[in-house]
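A, B, C and D are the chain letters, set down in written order, and residue numbers restart from 1 in every chain.
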């Protein structure tokens, strides 16, 4: 495991983004090799939001995520090998193979739960905030969810509760809505923020593809919450990755090639526009090289290092056996 | 049965208000005489809103109400005798005794249902609006509910549906919230209207104790909905009647005395302020006498006539037998 | 008769209703799921797309909207997708749809069909594998149909769509691709009439939905070693053809029930209770129940596999009670 | 030992927990309802008001908030009032609270107790009379306790409050005023241990919650005409003491079950099924089930009365199976 990126450490944030991206690409390969792994909701294209928000958090903060969860699990520092093993239903998985891809959690890094019920993570995180406040802790709760989640009544109810009780909760809404494409929000509001806004929740909207912008917004939001000023709704706008809702595992935009950060003319194919204009990872690599934070070689070295770690992780997962069916009824109750 | 008041007919609106008030007073007496009738949620103090809104409706419109339903049932023209009989669980009740006070309905006058589940009437009325639109009807659906109902997720979801599908639905919110008094809305919004407003539903807020003002607002709202402009949220602000949430049947403000409309010095007692400043019925009687629409004698004659009808109605209900237990399993399925 | 898939037969029933009744409306998307049969829904979309509403993710209000529309005279078909999601609409199904007719003294009818896919689906884990049929059956006023064959789904769906009662229509995605003979002319299949899938003398196996296929396979394999099993598919759980079940148990003297859902307070419990009430004197052996073991559904493939009350477990249970 | 009401004993258990564990928090108002016993909650309010949250009417989010807080190490007691309202929170109870521990591979625990009043309450009609215990029992991962006496409510509540598992605590408002002996020192009563309320040789009557009082009354009256009934109160439904039930049925050879809720797929069905599975050979008579008739609860007093599986119907059923 690697520690999550520290606030302001742009190299660490970038490294975390690469880890998130390469992890998901490996999940796609796993799904290609192991049919049962089934439908995946990949976090590709959300890395700038994910790594930047995680960099604004501290140990002790509690995270609740949704079906599009993998990125946050590894960003928070969960072991990629155990995460792969869980996605493959193996004994050494984070959840001992019982949760699978839609329910990854790692209490040791603050990833308290993945609920694949739309709206589930919102209510639970409000509860985590309630619990932390009861205990007089300075930690905060974070709920990650998508724009479509705002359609669900439980999400409205939970935001209302957090507001009236002034709970330490960050509502992180990754808005990947795409006109006419389902699923996405059907909220009648002019802007998503109008709903939390009506509930007097402080709202911040930022370009979710811009790691620097998200890091700044998330830092501001988290500071505000820790100061006891109540919940914040942080909306990060993204352009949905073409493979975002895939039924069979495929690479619509190809395997990520970071050299495209500086060789833009080589960007081609059906989804060239997404790669050129909407891939936050490529954009951040370009920025970091342009402003001299990293050299091209350093970017590629980081990528290679991540890839090496992930191939070890994949090997670990592949080597892990399935749980024994005899254990079926174990651990239903504590 | 009497027909509901016609739009603009202030005498008819007043008569309807008297009917609503005297009906509820009789329900209190019934509850005193028949313990099993149990907990009542009386509509006393809401008559100006109720009669005025009903005057803006037309035959064919479909009404869905809540636990605080009696007033609308009689205002829409349901037979008071059969309404009393239902509240007493008698065979000749509107629902054959199966619904009781919390579920009165009379399909023949457009009172389609009372749901005592907070938020229930909102979802059902949105469905009625959906059905009417499907059928190409010009009729509209109305849902009556209280401020506290906005806390319930189903209410949010249903308003969102009505807005995105532009359904012909009037959301009639009787706001009787009273600081520190429960139950009432715990919505984190600055104003209740902020929630429907965020969902791009046209909102109108009016003094619910002022029959003329409500009639004007309701007429505007209904016209707009019939024109196909989508749903409207009509909020009528009331001062909760002191007996609003009673566990045992009692007359905290005494039996209504319409002569107090012109003999204000005789207003006394613990709740004199409510009678003087917040009783929409007394206020409307005063207005109608002041502007010469009705003489004092006419006001009292209307009252006497209503009381006569209601004593006949009560007698009818008392004379009605209970349903036969042998019929217990009848009518579960159509 | 024409051989068709379950998916085609289901869609045909909806298209017939839409053709017969222009008030009929549908709420939901992905009526045939996202699998290999999804395309069979296309003719419905093409012909009646204007009457199909794609709703937001708001199960509670979607259920209410359907109920309110049905109360107002618009026959409705509401598709929820995975049955697990209907747990967000339980109050609307039970306390609105189920009680409206009775509570109104017969003034209101609620002609609506709620469709959902239940059960283990490979990888559904603890939140996407619900088989809520037993829970729903514990409530009054809601019909519950669980057709298993192309012929049954088309005929029973027509019956409930032309009826006036709120109906839960619960089936399993694995049935969509199964084929069978379907009459060409429109037809109705009445509720409350069980289908004796296989006659037998030694033991009665009662199963619903996908479990009927498992029971049928088990019966064939048991026949090979001389055990003659009768397989009964109630097809509708509310109303339930208890007569057919009880008389079969009285005939064979043995009963094994199969539920894809959990055992406690299940349809299998109900059927075993019927035997204890009305066939106790005829029982030659203990009743056996096969159901989902009492643990949240684990993701791990071998563990999920072990949750399935498939043919092996049915055969094992029959052998055990045959002694 | 001191004689106390059920209401006092319930509140004492909460006050003991609050005193023992300062992380403990409560969500809900009107813990003892709005009736004659409501005032017994005052000492709790006075001593621990700061740890009691009065929530908006948002059952789903209230349940989630409790679950999330419990996951985070805050033991919770969530009071819903009327059980009917929990039908707005079914998805949170079943798909969040019930699965979290198992699905996380044991990483997460959910120490929470959900309290609700079930059943017929005079005038509750079709929407305020739910007895959802059988529905909830059909799901894994949720303990379900239904204490009947002051002694049981205090001891069982202490057990679950000190435990680490999500627990449904379902009781009936009519029990609040009942009195009984309660030990003065703190004590726990383990789950899964039935209480044999009355020993008997002729017939076993298994009932839960308020129905236990009806069964006890029926047994006394049956004794008068020489029928010696054994009355069993399981006290907890999950886990269920099936051993005690089965051995009693094997001893008496006869079983009558009593549910205040509906019969189909009920706790009564489950208990009858246990008898059919494990005591079929010992049955001297058909099993009898007494439950709420299959209709939405009507408001009309004589009709509501007719919905009650009270002493008369129990006696009638026992007589019938005694032949």
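Just so we're on the same page, a residue touches a chain if its C-beta (ideal position, glycine included) is under 8 Å from a C-beta of that chain, and two chains touch if they have at least 3 such contacts.
For clarity, every value in this text was computed on a predicted model and none was experimentally measured.
Contact tally for B-D versus A-D: the pair with more C-beta pairs in contact is A-D.
Of all chains, the one whose Cα centroid sits at the greatest distance from that of subunit D is A. Subunit B and subunit D, compared by their mean Cα positions, are separated by 38 Å. Note: centroid distance subunit A to subunit B, computed from Cα atoms, is 49 Å. A separation of 30 Å divides the Cα centre of subunit C from that of subunit D.
In whole angstrom, the spacing between the mean C-alpha positions of subunit A and subunit D is 42. Shared interface positions of subunit A, i.e. residues touching 2 or more other chains, are given as 93, 95, 97-99, 103, 115, 117, 120, 151-154, 157, 160, 164, 186-187, 332.
Counting partners per residue, subunit D has 55-56, 58, 60-61, 84, 88, 91, 95, 102-103, 125-127, 140-141, 294-296, 298 as the residues that reach two or more other chains.
Residues 29, 34, 54-58, 60-61, 84-85, 88, 122-123, 125-128, 293-296, 298-303, 305-307 of subunit D are the ones that touch subunit B when the two sit in their complex.
Of all the residues in subunit A, the ones that touch subunit C in their complex are 36-39, 86, 89-90, 93, 95, 97-103, 115-120, 148-149, 151-154, 182-183, 185-187, 247, 322-323, 325, 327-329, 332. Taken in their complex, subunit D has these residues touching subunit A: 23, 25, 51, 53, 55-56, 58, 60-74, 91-92, 95-96, 100-109, 140-141, 143, 163-165.
Put simply, subunit B touches subunit C in their complex at residues 62, 64, 93-99, 103, 105-107, 112-113, 115, 117, 120, 122-132, 134-135, 141, 153-154, 157-158, 160-161, 164-165, 331-334. Every residue of subunit B that touches subunit A in the complex is listed here, in rising order: 151-154, 156-157, 159-160, 163-164, 186-190, 194-195, 197-201.
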